[in-house]
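Below, each structure is written out as structure tokens.
Two complexes, one shared chain (chain A), two partners (chain B, chain C).
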Partner chain A sequence: MARRLRGDGLPIKIGPFWINLRSIIPDLLRHIAFFYAQYETAESERFIDFHITLKNSGGLRRWVKPQANFLLDEYAPFKPLPYVHAFAMFEWGLNWCIATTAHHYLIVHAAVLEKGGQGIIMPGTPGSGKSTLCAAMSLRGWRLLSDEMALLDPVSRAITPVPRPVSLKNDSIGVIRRFSAGAEMGPAAKDTAKGTVAHLRPSLLSIQKASITCRPHAIVFPKYESESRTNLVKKAKNRALMEIQENAFNTHILGKEGFDAAKSLIDGCPNYSLQYSSLEDALITIERILDDAEVTA
Partner chain B sequence: MIAPLLLQVLKSPEAVAGFTATEWDLLVRQAKAANLLAHLHVVFMDRGLEKAIPEKPGLHFKAAHKIARRSVLAVRWEVSQLQEALHSLAIPIVLLKGAAYVMAELPISRGRLFHDIDILVPRSALEEVEKRLMGWGWRTTHASAYDQRYYRTWMHEIPPMKQIRRQTVLDIHHSILPLTARLKPDPKKLLSQAVNFEGEGDLYWLCDVDMILHSATHLFHDGELEHGLRDLVDIAELLRHFATRDGFWQALCDRAEEMDLVRPLVYGLRYVDILLGVEVPDEAKAWMREGMPGRLLVAVMDSLFLRALQPDHASCNRWGTGLARWMLFVRSHYLRMPLKLLIPHLIRKAFTDDEEAAVPREVQRFIANNNP
Partner chain C sequence: MSGMETTEKTERRWFANGAEQFCWGNWPGEEESVLFHQGSGDTLMLNPLGEFLLKRLQIQQLTHAKLTASASDYFEIDNDSELAEAVMASLRTFRSLGLVISDTL
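Now for the complex of A and B:
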């Protein structure tokens, strides 16, 4: 694996996308070995959606304070980052590739998990506790479709999985370690633009089922509030529609098609706000959403 | 040498019918680097080739086309805002390049991205136009006194203006070449032949032959040839669209002579013929031979342009591509102004590099969406 990454690159299938990844950066090679060993790879040449290279930025920098540069084919969309952030840069960079290209979906900044064929979409602004809740659910038998982006088919409303390592920030890292002894985490990158970042490995089942789409059953807008009681309330549809669009990456490209997709999503399933501080209680509440068509707590 | 895949496909789109997965892979990469993905989508649809495109590469073409469609809407909106700001001045506003292609509803506007808006106004109206635009939220972008003077005394445009709310950039020209350039096209002649739909409203664009001359002048005087192929495709598509009218080629060649733009047109026609397979009739070819530089210079220019106009992708680079682009960059500056002006200017620019880093809008949006 490392040999191919260092050479012509390794084609990896991530959700519906084939990427070809090349890098010699040791931290990134370890990241790929730890998180992507179970993913489908290709031996023969094939059509690749994203040719991604992470390389040292050149010059004296290489010896003094080495930096990593993210390239989509030959184009560098970002400024270089410190070497030790290379794996976080890969994950963010891949998000960017998808968000700027996959316009056959409405792409919503949201975690998506599924149980018994029923999907829960959790859109989240930073600080909402979306990723923490997503990590906890994936450690309790939910199938992870994505911790970052819901790929919604505008017509069928099916969600296409793109399971990736769950990105956890700052305090969430310790919270998830304490939540489950089974949490398999990669190393932490400190002092990134988002603070300390570490990733949680998705379950093998999530990776194996990556080609199976799911139907949205409910939309839950999480809101972490320390010391608060768990409180699930129905959310007004107009408010939910606004927030879905604010959290979408490509409404400006899709225009009316995107608006219609968001509206049909909101109309098609119940919408809730979930205030929580205890992960255990929040999980129980979300399980109950699956049982009933409409619940309040 | 075998032509890059993208050029083969631009020349004969039907070639994609037998493409393997790796050929599609390379085509998408080259087209993306050359900013021609959306254009290829339009070409494939026009030729009824949608069935020949496998699903996965097809998604990349369609996505680029969606972006291009939004880009057209954005241009229309921007032009409407501009019109609102300027209509009370009662002067003709002549749209150039992309904005003109959109408003004139030319086929080339369907698969193209648009960045800045370019307009041409009479030089005598510049002050009024600038003042009016300031009132409507446009601000000059080059703050330094040197840059202001550079543009205003030597260039064919005033410093670009940026709309403070929409962050869109407007280039206001009073001519199509710098005042210091060796060729001297008369902007009054361009303005006098400008056209619009049914003579209604105050929005105009250049007449068909002038549109092509401007496009060629821009490409063969512009120093940045990384997007040269995209610009060459513009010229090719304009020619294919306009050449159907009677007497077009004669009118084009006559106008080039009248406007002192023979060389740019000769080069433009030469390279759309060689690289993109545009059919140039024999009379026009005979005219080109008269306007062509000597055989030695043609050989040199061929060796430079046939390298520099390739897709800007590593798979298309051969020995000397980077050098060719650099030499043409130098040439463009030499054509823009006499050396006694140019050398002090370049020395000064070398020490004050204040260009703000250009971050694409998608990246800005992504960063904004991902940061608290």
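Now for the complex of A and C:
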């Protein structure tokens, strides 16, 4: 794996996308070996959606405070980051690649998990506790479709999985380590733009079922509030639609098709606001949503 | 009240900016509506007056006075200066967002 990453690149299938990744940066090579060893790879030439290279900055930056550059083809969309943030940069950069090109989907900033064929979509702004809850659910047997983006087919409303490492930040890292001894975490990147970042490895089941779409069963808007009791309330459809639109990356590109898809999603699912501080209580509440589409905590 | 505002109220004709570009989301029992405007790419939540005004302007170009009278009939409220001011404030907001355009008769 490392040899191919250092050479012409390693084609990796991540959800519906094939990426070809090249790099010689040791931290990134370790990240790929730890998180992506179980993903499908290609031996022969094939169509690639994203040719990604992470390389050293040139000149003095090779030696003094070395930096990493993210390249899509030969284009560098981001400013270089410190070398030790290369693996976080890869994950963020891949988010950007998908969000800016995969416009055959309505792309919503949301975690998606599935159990028993029923999908839960959890849109969330940074700090909402979305990723923490997503990590906890994935550690309790839920299939991870995505921690970061819901890829919604505008016509069928099926969600296409793109399971990748769950990005945890700051206090969430310790919360998930304490939540489950089985949490397989990568190293932490400190002092990034988002604070300290570490990733949780998705389950093998999530990776193996990455080609199986799911139907959304409910939309849950999580909000972590310290010391709060778990509170699940139905959310008005107009408010839910506004939040879906605000969390969507490409409604301005899809236009009416995207709006109609978001509206159809809202029409087809019950919508809830979930305030929580206890992961255990939140998980019990979400399990109840699967049993009964009209529940309150 | 400035002379400019009086001119706007009495002589300008208002119409939707690309009537076919308005996409609506409404649900029974929810007062506020969601509007997605394809031209601007913006999504807005509108109160009943705002929804009424824009839907009227999607159908027909109207002056401020006729819009106010129409709103008065629809909501069964007095056609007074308070309503006229509210309609004008809404129209100015919509114009700043690129949802409506005003013209002079």
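Here is the rule we use: the second predicted complex is superposed on the first by the 297 of 297 C-alpha atoms of A that agree within 3 Å, B and C clash if a C-alpha of one lies under 4 Å from a C-alpha of the other, contacts with A are read in each partner's own complex, and residues count from 1 in each chain.
Here is the rule we use: contacts are C-beta pairs under 8 Å (C-beta built on N, C-alpha and C of every residue); 3 or more make two chains touch, one makes a residue touch a chain.
This structure is a prediction, so every number in the text was calculated from the model and none was measured.
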>> In the superposed model built on chain A, check whether chain B and chain C fit or clash.
In response: fit
> Where does A:His103 make contact in the superposed view: on chain B (first), on chain C (second), on both, or on neither?
Replying inline: first
> After superposition on the shared chain, which partner residues are touched by A:His252: those of chain B (first), chain C (second), both, or neither?
Replying inline: both
> Regarding the shared-chain residue A:Leu204, is it in contact with chain B (first), chain C (second), both, or neither?
Replying inline: neither
> Does chain C touch more residues of chain A than chain B does, or is it the other way round?
Replying inline: B
>> Under the stated touch criterion, which partner chain does A:Asn238 make contact with: chain B (first), chain C (second), both, or neither?
In response: second
> When the two structures are overlaid on chain A, which partner does A:Ala193 contact: first (chain B), second (chain C), both, or neither?
Replying inline: first
> Angle chain B-chain A-chain C between C-alpha centres, in steps of 10 degrees?
Replying inline: 60
> Thinking of the overlay built on chain A, is A:Ala181 touched by chain B (first), by chain C (second), by both, or by neither?
Replying inline: neither
>> Using only CA atoms and the superposition described at the top, report the least gap between chain B and chain C in Å.
In response: 6
> Which parts of chain A are touched by chain B and by chain C alike?
Replying inline: 252, 255
>> Residue numbers of chain A touching chain C in their complex, please.
In response: 236-239, 241-242, 245-246, 251-252, 255-256, 259-260, 263, 266
> Where on chain C does chain A make contact in their complex?
Replying inline: 23, 25-27, 30, 32-34, 36, 38, 41, 43, 45
> If you look only at chain A, which of its residues touch chain B in the complex?
Replying inline: 18, 45-49, 51, 73-75, 77-79, 92, 95-96, 99-104, 109, 126-127, 193-194, 247, 249, 252-255
>> For the complex, give me every residue of chain B touching chain A.
In response: 21-22, 24-25, 28-29, 32-33, 54, 56-57, 59-60, 62-63, 66-67, 70, 73, 313-314, 357, 360, 362-363, 365-366, 369-372
